[in-house]
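There are two complexes below, and they share chain A, which is joined by chain B in the first and by chain C in the second.
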Partner chain A sequence: MNIGRRSFLSFVIGGAAGTAITPLPWKLIDDSSIWSQNWPWTPVPPDGEYSQVNSVCTLCPGGCGITLRKVDDRVVKIEGMKGHPINDGGLCLMGLSGLQLLYGPTRVKTPLKRVGKRGEGKWEKISWDEAISEVTKKLADIRSNGESHAVGSIVDSESGTVPNLFKRFLTAYGSPNFMTMPSIQDTYGMTLQLMQGVSAQAGFDAENADFILSFGSGIIDGWGSPVRMFKANSAWKANGKKVVQIEPRLSNTAAKSDKWIPIKPGTEAVLALGLANVIITNSLDSKKISRSTGFESFKKLVQNEYSIDKVSKITGINSATIVSLAKNFARASKPLAICGKGQGSIPGSLNEFMAVHALNALVGNINKEGGVWAVTETDYIKWPKLEMDSVAENGMQKERIDGAGSEYPHANSLLNRLAEVINSGDGSLEVIFVSGANPLYSMPDSKAMKTAFDSIPFVVSFSSYMDETADNADLILPNHVYLERYEDVPTLAGLSKPIVGLTRPVVKPQFDTKHVGDVVMLIAKALGGGMADAFPWESYEACLKETLGVKWDVLVEKGFEFNGDKCILEGDFNFYPEAMKSLSNFTPVSAEGSAISYPLILIPYDTIRLANGYIGDPPFAIKAVEDTVLKGKNSCVEINPKTGKELGLTEGRYASLLTPRGKAKVKVHLYEGIMPGIIALPRGLGHTAYDKYLAGKGCNFNELIGPAEDPVSGLDAAWGIRARLTKV
Partner chain B sequence: MKEEGKHKKAKKYGMVINLDECTGCGACMVACMAENNVPFKEDESNKLDSIAWMRVYKLTNGKSYPEADICYLPRPCMHCEGEHGHSPCVSVCPATATDYNHETGIVSQIYTRCFGCRYCMAACPYHARYFNWWDPVWPEGSTKYLSPNVSPRMRGVVEKCSFCFHRYQLAMDKAFLEGRTVLEEDEYQTSCTQACPAGAITFGDLNNPEHKVHQLAKPDNKHGGRPGNPNVFRLLERLGTNPKVYYMSSREWVRQAGDNYLDNEDFAKNYRH
Partner chain C sequence: MSTQDDKAKEVSADGAAGPIILFFILGLAATLVFGWVIFPKLLYSQKKQPIDFNHILHVEAVEEGCESCHFFREDGSFSGIPKLAQCVECHEDAQGEDPNEVKFVEEYVANGREVPWLVYARQPDCVFFSHAAHVKKAEMDCGTCHGHIGESEHSRVYEENRITGYSRDIWGKNISGLRKHTWERMKMDDCAECHATKEIKTDVETLPWPINWLPRPYEKQTGNQARVKTVKEACFVCHK
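Right, the complex of A and B next:
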């Protein structure tokens, strides 16, 4: 074919005209944009029938009501339940991201038996029958050797049917070693016992108070029942109520308060006693109280030992501030003093709690509107009396491994002592059950805790998630998560009106998991004899229904019920119980370490965006963490720019943080809101387990600190530790 | 139907955020992520590529210890009205993938129209827009909680806060079935407003004097909705973007942080609220 100039041109022009006229190129561009956005891996969530179910959040002790939005059998959103007495529609970010725990990658999907070394992550899937017979065999052997007291359990709290099933199980088995995760409730309970002679918890009528004096409590950082405290805080703002925050760091609570008074960490009790001195000396105290037991000795103590000058010197707060604070507090019509640092997961010094509680008594707000109420939960658990056989009786005679009730007579449980007792060879356990708790992460000196666990031959975890403790267990018997199970949720958490809620199965179990209550009963039944008789119920659900009785219907219908009483103060308020005598030569609980090798002081801080208990941050929550708290793989420490200058550290620099207990590589964040000489590190980071969204991020504060035993209560009173920060 | 619509008074949905009450807890951020199928990646500590339709910023007063103070500021999309609906992002979008709805005052984002030029991101003075650099990946099983009301986005498109527009549509559908054309104030609330544990966010129709947002902000519609309440301000007021998100604070330094002032400028004189 001969292509001439003419035919070439007509071909080109004709082609161009033809292309321009056909819709083909435009269609192709359009198609390509549609095609490029229709990848099969971009999910299209299926539509379906919409419904709503009410339940209760169990991710923290706060007890918020939740409403779950469902599409067919999927839950697509968790929202706060409107009209619930605690949260009335609001919800915190953990509660909101709960679905990532239900459907997320961190679930344990079947019972697992360890095949590799501990913590190596090598597991074998086993059936529930095998798992239960494994535990039963072990327990039967130990019991027949008369070593029943060498079995222990760690659960999240003392109240509710599940913890009580564990307690009953251990009692019937013959072990006193029922241990719970520590919190400020332990210390408040003891304070009320010693000063008011009641076995009760402190309930704060925060909503009605008009002057709130907080000794480092993270009112809006997750203290108490978090959403309830947020709401109270907003109400204070709206009604012009005053909040004074005392702590060395400008926390969110301090920033939102009317006055932030920085204090040398660990000297809060001294300040409280100094304030008491001003109140008594100026006769600002409530006259009704002055006739109370121990008042004269208390008065002598504060006037002789806690002069304003001395208090000012110890706490670093100037005298005028102390005097005006005391006067403003005492002159308010409904003042309220609270303590328990941060989110309240460290029990704290008993002296400090008693000193602060004495302030409440001085201004006469005990069992008053806007004050502190002694509240008790209604004990709805009325189970048939336990028939103990001789093995059980013998086992229960033995002293607890943690020394609670013997060495420390006021304490119920002292998990903080477990690691030291085991590691020093003073005691040992053969089997430990862990349910709803993650002690290998959240106990101070978590490495020592791990060493202790390493020496326990058989560790059984009931965790729904692959947390640090489950990761180091021999057997995991995964519980349903809270959206898959029935369970009563009694809530105290500083409420002046305790509540019990009911969490219920909103979806059917997603994996091959079993309710921990059922598993405990199955093990007991497999052990037979008196153990089987102790659990006459056919399932946990049957047990729960029978236990709740008439409450069951109310809880199913409404989701919650008020469940408690306010105790009437009987007899006197005791200002100076025996346990407080040590105050006469009071020296604050000091931070571990020598000032020469460790010139700075490391304190932890809590933020509501980081969970530091059994639940680890789900992906949404960790996403919400600021880049001045977590950057890449490193936690950020806060130091004052002055301290930074002295150390030659600038913003964003890497540094090595060293304490007598451990070390970590951190990033420096210069913050004007922290006292010079102090380093603050967020809690809730540094997980090694769970999933890739949480593991390996930042460092765990608990690896850097050790417990400090309170001399009276035995509880952990460590508020910080000496540290060194150096350039790397 | 269309005629009827014309006679209806235009709504102007907006928000008032009380910064005195805001605790910086981040519940709004997560409530938004959970509601709107926002994806997440392994590392979200690089905030430049971390998609958060609602982001809480921390402001500092710049003073030294112990006079230092901080305040949190939640930042959704401002749904700027600009002048006559010319929001900065809408006017630069070559694909009409983002548009100003004159009926509701909401600035939309239509993912299937967006082809990822990111002009809107450059135009937005509030950094409220985020680009999907990667396809979203949900861990196995996690797609079960995705809501059918909001389509998950794909790589190469821009996304931002929609004032939970799907909730408006659902509420309108419900009202229509009940034979109503007007929504009650509580029928349409954004996910963040609902979740805020401190109750710091108020949402509603700024044009409706009965709505709380109107009462709090006292918008002056003759001047682009400028707030009449002296404690209320908008971000970068002087740019003239006329945002529909208002902030309230009793602290002067916080109000001052809402806009750029020269060092020698008289804030009291030039503060436009």
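Right, the complex of A and C next:
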């Protein structure tokens, strides 16, 4: 038989016909379509029992209530808690991405001891017993040498059980050096102290205000309690309330406001005083408040020193705008002036805060609906009195290393001064504990902070993440993350009613971590004697339950409780406290650097998509940053097209940015929304630590700026720095 | 000049029609055998369950039938294959001498490890299926979809589709995709069969439809009984 071409073809045709009447092609089509829907890298939520747990978000000071959706033991989603007084179901991008901080790659999984050089990233895993005995040994040695005051701690805030455990620990040990991360709360606290004589915080009844005058506060960029401010802003929009935003740059907040008034940066206090002048001169002020202490001197000051023309010249805002703004503000039925730039992580100038607060007083909205309330938190921490031994007593007699309470009598903590004190040899520390804070990234002049840390022989980080400070520590004792632990979360953040929330272990600890509260107690117990006696609790949880008392049950059930109240004011409002007269006379803080070498002014800006505190942006969040903020691996510097033209810089070009404190390579973004002569960089980029999603992207603004001490408060009042931008 | 004869010659010169037909049949037969017999064998791998499970034994021992182990949670969601925690309620220690039970207790219970059961009825993640709607509301029997699994003494071999990773039970044992009983296949068509035909205690109103001879796909429910028939937006009932 001759098998030729035709036979072969007919075999093939037969085969094709046969295949068509088998299930093979149809089955393969079906299977491949299913296969293509199930790529192995497509995330598929686990199957199991669903449940919901309420807790609190601690990723910023906002204190939002969260509801966690779980499938069996895995959290699959974070949602805003419905009915929560702060955020009522809302949530921000950070809060939403929280699971990546629980399950993501940036966690420190066990206690680590440095083996290489600092910052080299070489670690040895050690057990908790070894870690605690290492710290204990160091502390015992220092204490027996009578150097107890050379131990310090940096924590995120002053309130709550964990910061107070640190404070108690240091007190019992004999060191006054309990330091906290700065924020506008420090300045507002001081303002209320000086002008109203109360030890309280400013609470803004934002929801009820009808004319909001914001001196650069990022209302929808993360100021105050961010989700609450978002909601307030939406309500203002819906109800036709007015928002006027004063800042040199068209931020998101400015863009959404009713009126954006660009101002020369750093002159906000001058504008506030100018507005005060118009209000007083036109008798638009609330008559009741005018008879307050210091009013006459204040009136004289603003009328003599802050004439409209002068203010117009200094601020760059034309006189007619100033006059009409002052009139509109004073004539509104519930006007509210707020300040603290961007997200409020820099305390800012006391002048400015007092001038703005004086505006509120002038229009009579202090402790009024829609105005500013002096609020105090209920101090539920009632621990047994500390028995201090002689070492502790001696240590506590010493002055604080940062000069708070001595050089600057009004301040409680001045972390911004630490680097300079240490680097100039005026003080030193032997041990530093860092918990819930990342000063090596987020303090201005972070390089100087790193130099200061380099000279501290023993750095202990309690961070859950490999952040910049942990990366440069000698020992990391990782804390549980907020979804794995119990902790009280007192929240002020500009709320008119303070709230305390409770985080709870939504999942069991994923790694070999320990609650920082437990670790502090374990170290104290290992030190023995009076130190051990100072902590009579079995565990942190026991301490928390006992501390919260009846609140515990409410918090476990509801997740939050109102915690504190509005102060009833006694005495007068003081428009012109002594401290202002003798020290600053409302003189604005100027930007560092000479105008000749550095012709431009660099200011930072915040966006809701970039976290710039202890928490770095989780991968979801960093993905959401626009390419006019971060392009590739470079931060974009915003520059007015006019200035760009003068410097020969075009969109997308690389440029070298130089300030008296540092330099960076940036990309040019020409932006009409920034005043000529001024350039802006985002905060929250330029991490060197965390994970590959965050590290190496953009430049850290804090490496380019240094702190500027406010003459009265001692707090950092730097709002910008002089800079030079050149083509590369 | 070409004649009839010439043509005949041309054909026979290259072989008669016979071999051509033969080869056609050969090709046909080979692919038929491949498609119907060899292909299914290649497509599915055979896997054994980690523990051979005796349903009869268990059903006899429990009080509430299938629901004793495959229960509804408080929120109405269905628990599916039991988790170790449920098994442990009875099997903290081995109750008998069956080597399977001993293995189960030693390997899984003692180590607190979940049994990696191979799930015959597992559907892709894009399929949303509510057991409650079918079992509770429509009062369907488990067996309608799952067959007589409750009456088995041994766990069947789990045949895994090498391409999709799902069980052969979804497509059905019969590679042609045909089935006799409702529980022999679990593809969308099988769901649709009930959903398209069953009129269940519900009043529906037909919406205007421009082409008379085409079946009307859109119906609006007027009663408050959940509808079974597919209506507008029904895709998202199952494909969330």
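One rule holds in what follows: the second predicted complex is superposed on the first by the 677 of 728 C-alpha atoms of A that agree within 3 Å, B and C clash if a C-alpha of one lies under 4 Å from a C-alpha of the other, contacts with A are read in each partner's own complex, and residues count from 1 in each chain.
What we mean here is this: contacts are C-beta pairs under 8 Å (C-beta built on N, C-alpha and C of every residue); 3 or more make two chains touch, one makes a residue touch a chain.
The structure displayed is predicted, hence computed values, not measured ones.
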May I ask you to decide whether A:609 touches chain B, chain C, both, or neither, giving the answer as first, second, both or neither?
-> first
Which of chain B and chain C A:44 touches, first, second, both or neither | both
Give one of first, second, both or neither to describe whether A:637 is in contact with chain B, with chain C, with both, or with none.
-> neither
With the two complexes superposed on chain A, say which partner A:59 touches: chain B (first), chain C (second), both, or neither.
-> neither
First (chain B), second (chain C), both or neither touched by A:18 = second
Go through the superposed model and pick first if A:271 touches only chain B, second if only chain C, both, or neither.
-> neither
Using the superposition on chain A described above, determine whether A:621 touches chain B (first), chain C (second), both, or neither.
-> first
Thinking of the overlay built on chain A, is A:231 touched by chain B (first), by chain C (second), by both, or by neither?
-> first
On chain A, the residue positions that both chain B and chain C contact, one per complex = 34, 37, 44-45, 47-48
Of all residues in chain C, which touch chain A in the complex?
-> 14-15, 19-32, 34-36, 39, 43, 73, 75, 77, 79-80, 83, 124-126, 161, 163-166, 171, 175-177
Chain B-touching residues of chain A, taken from the complex the two chains share | 33-34, 36-37, 39, 41-48, 69, 71, 74-80, 87, 89-93, 96-97, 99-100, 102-105, 220, 226-227, 230-231, 233-234, 237-238, 250, 252, 255-256, 260, 262, 510, 608-609, 619-628, 630-632, 640-642, 671-676, 691-693
Interface residues, chain A side, partner chain C - complex = 1-4, 6-8, 10-19, 21-24, 26-28, 30-32, 34-35, 37-38, 44-45, 47-50, 72
Under the touch definition given earlier, write down the residues of chain B that touch chain A in their complex.
-> 20-21, 23-27, 29-31, 33-35, 37, 40, 42-47, 50, 52, 56, 58, 60, 63-66, 68-72, 111-112, 115, 135-148, 151-154, 156-157, 194-200
